[in-house]
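The following pair of complexes shares a single chain, subunit A, combined with subunit B in the former and subunit C in the latter.
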Partner chain A sequence: MGRENTVEEALNLLRSRLCNPSFVFKPLSDSPDSNYSKLKFIISSSVTEACNNSILLLGPRGSGKIAVLELVLKDLLLEFPDLISVIKLSGLLHSDDNCAFKEISRQLCAEHQLLFSKMASFDDNSQFMIAMLRECGLAHKTIIFVLDEFDLFAQGKQRVLYSLLDAMQSVTSQAVVIGVSCRLDADQLLEKRVRSRFSHRKLLFLPPSKEDLQRLLEHILSLPVDSTISHDYAVEFNAKLQKILADEKFKQIIITYMDSDATVNHLLRFLFRAVSYMDLGSGFLSLENFKTALSNIQRQPKLECIKDCSILELHILVCMKRLEVKEQNSYNFNSVMKEYKSIRASFQMSEYYAWNICLRAFEHLLQRELICFTDNRGQNQSVEFRPAKLLISSHELQQGLKSYRSCPAILLKLMDREV
Partner chain B sequence: MGKEESPQVTRRTTRSSSSATVATKTCDSHPLTIKDLVFGEDPISLNDLLSSFPGRRIQILELVRLLGASNSPMLPLFIYGGSSSGKTSIVLQMFRHLNRPFVYSSCRTCYSPRILFESVLNQLLLHRKDAANGYLSAKRCERPSDFVNFLREALSNVINNFKGNSGKLGTKKLVGQADGNMVYLIFDNLELVREWDKSSTILPFLFNLYDILKMPEVGLIFVSNTSPDTYYSNMGYMEPIPVYFPDYTEDDLRQIFMKNQANRKLYSSFLDVVLRPFCRITRRVDELSTAFLPLFQKYCEPLHDLGVVPNEEMKRRLFSHLQPQIAPSLNEVFKVSSQSSPAAESNKETKKKSSRRKLGVCAEIDELDFHMSTSAKYLLLSAFLASRNPATLDASLFDSMGGIDSRKRKRKSSQKSLEKKENAEQELLMKGPGTFPLERLLAIFQCLTSVAEGSIDEEEQGDEGVQGGDGGLMSDVLLQLSSLCNANFIVKGGSCPLEGSTRYRSTVCEDMALKVARSLKFPLSKYLYRR
Partner chain C sequence: MPAIMAVKPDSARSNPDSTPQKRRLRSDTTAAQDSPISTPVKWKSPRTCTTSSPKTPISRVERDCSENITKSHKSPIKKLSDSLTPKQKWNPLDSEQMKAVKEAMHVSTAPPNIVCREGEQKRVLEFCQACVEQEKAGSLYVCGCPGTGKSLSMEKVKQLLFHWASEAGHQQPNVLTINCTSLAKTSDIFGKILGESQPRKKVNGATSPLQHLQNLYSQKPQPSGTKMMLIIADELDYLITKDRAVLHDLFMLTTFPFSRCILIGIANAIDLADRFLPKLQSLNCKPMVVTFRAYSKDQILKILHERLMDLPYTVFQPQALELCARKVAAASGDMRKALCVCRSAIEMVEAELRESSRNFSSSIVEKAFLEQQRATAPDVLEKQEIDVVRLDHMVVALSKTYKSPIVDTIQSLPQHQQILLCSAVKLFRGGKKDTTVGELNKFYMEICKSALIPPVGILELSSICRVLSDQGLLKLGQSREDKSKRVTLCVDEADISFALQGIRFFRNCLQ
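And then the complex of A and B:
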């Protein structure tokens, strides 16, 4: 009983670590030339020197930009508790100017214990923001604006960016604008008037190196020896983990997985899956866990879809494939039916399905998104006349047919011969 | 989808409808409490869960593992698989088994961002729409930004509530950063969001919701018909963890259909006969179950005692009885829409059965199975002709004598080279019925009615043939036209850029048109131009 609880506690600890980016990115921020140190230096110097600043954090999605920024902000809030207030916006939520100003004033009000009016107009809000910037500047308080998904703010008139950066041109204000984006060309999206007011400081976030990766894995997966989890168990767990981490097979798994996407968050998803497969009976991670996780997370959705199809649906797919080979530039359900009938006649297939059954199977294929209509406007045309196309390559179809259980031999032949 | 395991799923409908409309579970207006966020019925054990979903063992165990212990945080999940593969039912029953709070909203019933947001908030804020509050939602919320603010507030309220409860009761309180109970948000039918107006912002928003909220106590579960690769956009997002539900195999289907059968031996021998041929067409449980119900009744017809255990000889006899029914019913499988309640379904079932019997007896029925006024029928026919015939032939087809000269037509077709004919055929297949302006339709209509009245006059020497067909009929005809449009026999197309008038198109197939013509005793084929 006690053992079971321990294992569960350990599992919970691992899972909550994986869901907590600030824990994950902690060890990567020690070294003096890490992004963490650079970012912290820039912000803290602009806080202490009471100047305005702007900076862009760029890097692929999931490379930990926000996590590192949060770490920095947390430290700075501890260091200068009264000198900083943070306003966070996200391009996904506040790309609309009106919305953005409203949210800025709402957060400013919450920060400074002021009453926020929902009814305030766009103008009121933008004036309020500029006034607050001035007031805070006079009180030597820095406002840090974090703009997540920065590229989305650069859509449209960029009024938010302009008024923020323009307000920062005056001596009295004291603010830092931090843009976070996964588009490396984010600064090229800015209008001229905005770009000229933007300092072109950029921090690039790169995927971790091999050594970092190893360190990261160890950091995340090993249990603390000095906690509520029983000491003996933790030591044993860590010893087994070390063995796995050193295993060549494990390294190979990680390399295959990271091939497609080398960011840290991508790795976290894999680890999360592997950890949740941990055997609660033995209570230790095994290489098997990682193997199953890899096979379950790397999916081939189109092939799965083909495996789900019924035989009739496969027939229709093959017919469409044949039409494409014949270089018919566009075809619809009627021509598919014609092809189906001719195949049936020339190979003396015994089974016969009526027109409406085939139409229904065609609709199932549409639903599975193995095929789609080539035009999206023809709403007033009935299904059988709208031109369609395959969404899978002939290679995929061939592979799918081969791996299909009890696939009729005739279909494979029809695919191969390509008459 | 997902009404295959019928008994437990009833809760789901009440659940989603209680969020979208008034609570259907009568007006026992007890105030909703925090406990209403869990499934509501008694929790079931894991074994019950596994046995109620045959063929889904791997998926259920995997989900249980991914959801983890009661207080452990979770990365967003993405559950996908073909329709009628049990995704929604299993997720909901899973929460019944785990007895954890969750919020379920389907993007089918919540068909716009605003309704989706408000439905989630209503459930979290324990708000029920009723007459007292004028059926209003708890919060009015249209934008994602407002939604995130409200959601954060509501979630932290709920979570604090749980924490307070567990603290009071003194039950196991965990140490560590992630204590407190989890709340799960389930978004079903996510594939529909792609069709929404603002899909380009809503989808990345939903996928990034976990990162935006930054609350480890919230678990997100997306349920979708289509695979994750159909959601890719140039925007990009953090991919959730995929969990795949494959379609049932034939063996799984057998297990599913064997559930809750009174006479298992008999049903099993029935499945031996029908399951394989039907599986070649579809493996969807909902479609198969509607097809099997009448067939099984047919199968049992020769039996007096339904409790009988069939022996080999009887099996053979029953098989030979059913054999002739299978082929026609294979081609009928999809007649009944599968998304109906069980009661309505059984009604439909009987109706369908009777119609099938009719089909079985006489292959071609002349009767139309719906009522339509005579002038509407003529209008339908004229629309059909207008769509099929080239406009240039109207004059020769509908000259004073009516009908095309057969000799002339023959010569024409002989002049055409075979190739040309084939091309034209191909074109017809591709383009479908043509469009026509209103004036042409009315002209043809007048011709048809005058011809028909002429023939009636000849037959009956009636005296009413004088009026009609002319001006007096016009307003009536327009009314009929609009009702035909509503019934989707005729579609209104976009306006022609040159003429600027609206164009119409008939969607009726030739069989249907011939049927209508037969009911009027109208010689349609005489007027139909064959290429």
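And then the complex of A and C:
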């Protein structure tokens, strides 16, 4: 009983770690070259030297830009407790000038315990912001503006960006503007006067290297030996984990998975699945967990549909493929039956299915959405006369036939011949 | 700079002193700068069209800044002596010195002398002086690329005008500085002008501010002598509406018989006056245009030297500064960029120092364990001393500023995304400029087959397309079905080939 509880506790710990971005990105931030230390240096030097700065964080979605920024801000708030206030805006919500200034004023009021009036006009809000910037500048307090989805702020007249960056051009204000975007050319979207006021600092968030990946996996999946989880269990778990991580097959699995998308977020999703497949009986992770997770993530639903088809349905699909190859762009059930008959005749196949059985097979395919009708109007016509088309590609059909449990050789030959 | 600043003339000089500033600005001590005297007309810049001016205007300005005349007579000599004595070495490890250097190079630090813009400032000043003397209205349009010193020069002109007015016995004009981006509605500008010219009168609700102003300027003024009003409107193109009424009315205000406005508009477009104010030409009141050309390499160098002059130590190697000036002048002539690059180079030095101190501290621990303590320690200390910003620092800073992140990103993309980009390049080589996801899929699978790599399914492929379009490498159209979404390439083919040339497979593929 105690053992089960330990295992469950370990599983919960692992899963909660995988959902916590600040835990995940800590090991990547330890080296001095990392984006974490560069960002921290820039912001802290702006705070201590009381000068304005602006920076852009670029990288694909899920590469940890906001996570690293949160880590940096958390550390800076500990280091300089009264010198920093943070204002967060999002391009999805606040790209309109009125909304943006209102939100800035609201957050400034909340930060400094002032009363915020919803009735304040655009003028009032912008004057308030400028006055606050000046006051904070005199009080040696830095305001950090975090602009998420920065490229959405660059639509329209870019007034918000201009006002913020222009306010930073004066000596009296002390502010840092951090833009976060997934578009690489985010600064090309800016108007030339806004771009001139922007300081052209960019931090690229690239996918982790192989060594970083290894360190990350170890950091996330190793159980802590000195916590509430029993010591012996944790040590054994870690030993088994090390063996898996060193295995060549495991490395191959990770490489195959990361070949399509190399961001950290993508990897975390995979790890979550693999960890959830952990066998609660034995209580340890195994290579099988990772293999199952990979095959479940890289599903191909249409292939699985084909595996469930009957032989007749496969015949119909292959006939439709042949019609498409013969450049008959629109065909209906009748033409498919003609093709089927001609194949049967030329290859002297023995099975014979009645018309209505074939029609039912056709309808099954329609229901499973492997084929569909091309016209949207006609409920008037009956099923046999409406033009239809395939919804799977020939490549997928071929793959499906190959992995079918007892596919008749004739079908494979037919597919190979045409393709 | 506050968006709206109504400066009363008597407090113009005391303003810098009244608000306690955390940094002592050099502009506090010298209210009127010695630029008209210290940089004589002899200096000719190859780019700006210096108006050949007779001696009289300069000498009049000289007389007007009489309070600072002694100081300004001294300063050329002082500057000369500075350049003769060798400067001290800069110690970048000293935080005070580092802070002073960074401050000198920051965009928001207004330099005490605004060099390289004397010609333009003189023209604007003369225009304003003529208006104030003759008590006539006039309009002026200042244009130029961003970062060429327009707003900075207008501030200077304002100060010079106040001095001259008080010296010459004219009434100092009211000043209204507006940044047109801060207006909620474009017609609010008239309300602000009215508020400035008649601060105590309540505006009648029936007439709009514009009409009020027009009435005011059509009637003979009170004998108490209303002052002239100097209106500086920054970022004028924000006032352009569809029917161009506001801009038009603003400039028309200066054409009324009893108008008291001197209007200075600042914008980026050179032909704003021609395109949007055609009617003014027929009335023969087209605004005078002063163009601020982009800085040339010599001008940038001069400005950088000017900023560094007051520091008692040499910070930059001369070749480094020259490289920076050359590069920025060739690219855009934007002064902010030049300052940004210099600051970036200083940060390179800081980073190098941190790196070497870290290595040094780890190596000295080793040394302490391995060797006996000898006199090797001071030698090691000396070896790592960096006391100037060298050329290689500047090169790295320039490449960071001007390099686009696209090549780096493409090189670090995962394999399938690179193959997809490659197949897009091959597909678009034939002259087609866009295609569907289904077509792209076919090409992609061919390339995968040739490389014996198992291709990903169509679902994964459409999510890869979406990821690439989020990053700005592809553009994805809208469609109900995934397969028929239109795809275009947003990156140059040359960039992709350059980025992928390190991998043999792609090199062969893209030949």
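One rule holds in what follows: the second predicted complex is superposed on the first by the 300 of 419 C-alpha atoms of A that agree within 3 Å, B and C clash if a C-alpha of one lies under 4 Å from a C-alpha of the other, contacts with A are read in each partner's own complex, and residues count from 1 in each chain.
Heads up, the rule we're going with is that a contact is a pair of C-beta atoms (placed from the backbone, for glycine too) under 8 Å apart; a residue touches a chain by one contact, two chains touch by 3 or more.
These numbers come from a predicted model, not from an experiment.
Asker: Of the partners subunit B and subunit C, which touch A:248 in the superposed model: first, second, both, neither?
Answerer: neither
Asker: Which partner does A:61 reach: the first (subunit B), the second (subunit C), both, or neither?
Answerer: So A:61 meets both subunit B and subunit C here.
Asker: Looking at the overlay, does A:393 come into contact with subunit B only (first), subunit C only (second), both, or neither?
Answerer: second
Asker: In the overlaid three-chain picture, which partner chain does A:368 touch, first (subunit B) or second (subunit C), both, or neither?
Answerer: In the superposed model, A:368 contacts subunit B only, not subunit C.
Asker: Report for A:265: first if it touches subunit B alone, second if subunit C alone, otherwise both or neither.
Answerer: First partner only.
Asker: Which holds for A:171: it touches subunit B only (first), subunit C only (second), both, or neither?
Answerer: Second partner only.
Asker: Just to be sure I read the superposition right, which of the two partners does A:185 touch: subunit B = first, subunit C = second, or both, or neither?
Answerer: The answer is second: A:185 touches subunit C but not subunit B.
Asker: Where does A:92 make contact in the superposed view: on subunit B (first), on subunit C (second), on both, or on neither?
Answerer: first
Asker: Both subunit B and subunit C touch subunit A; at which residues?
Answerer: Shared contact residues on subunit A: 61, 182, 301.
Asker: State the interface residues of subunit A toward subunit B in the complex, per the touch definition above.
Answerer: Within the complex, subunit A contacts subunit B at residues 8-9, 11-13, 15-16, 18-20, 61-62, 66, 90, 92-96, 99, 102-103, 106, 182, 228, 265, 268-269, 272-273, 276-277, 296-297, 299, 301-302, 304-305, 307-308, 310-312, 330-332, 334-335, 338, 351, 353-354, 356-357, 360-361, 364, 367-369, 380-382, 384-385, 387, 405.
Asker: Going by the contact rule at the top, pick out the subunit C residues touching subunit A in the complex.
Answerer: Contacts found on subunit C: 1-4, 19-23, 25, 99, 102-103, 106-110, 145-147, 179, 181-182, 184, 188, 235, 238, 268, 334, 336-337, 340, 344, 347, 351, 354-355, 358, 400-401, 404-406, 408-409, 412-417, 438, 441, 445, 456-460, 463-464, 467, 470-473, 490.
Asker: Flag every residue of subunit A that touches subunit C in the complex, lowest number first.
Answerer: On the subunit A side, the touching residues are 32, 41, 45, 49-52, 58, 60-61, 121-123, 126-127, 130, 134, 137-138, 140, 157, 159, 162-163, 166-172, 182-186, 192-193, 195-197, 199-202, 204, 206-207, 258-262, 298, 300-301, 303, 393, 395-396.
Asker: Once bound in the complex, which stretches of subunit B touch subunit A?
Answerer: 62, 65-66, 68-69, 71-75, 80-83, 143-145, 148-149, 174-178, 201, 204-205, 208, 211-212, 216, 225-230, 236-239, 241-242, 244, 246-247, 249, 279-284, 330-331, 333-334, 426, 429-433, 491-494, 505, 507
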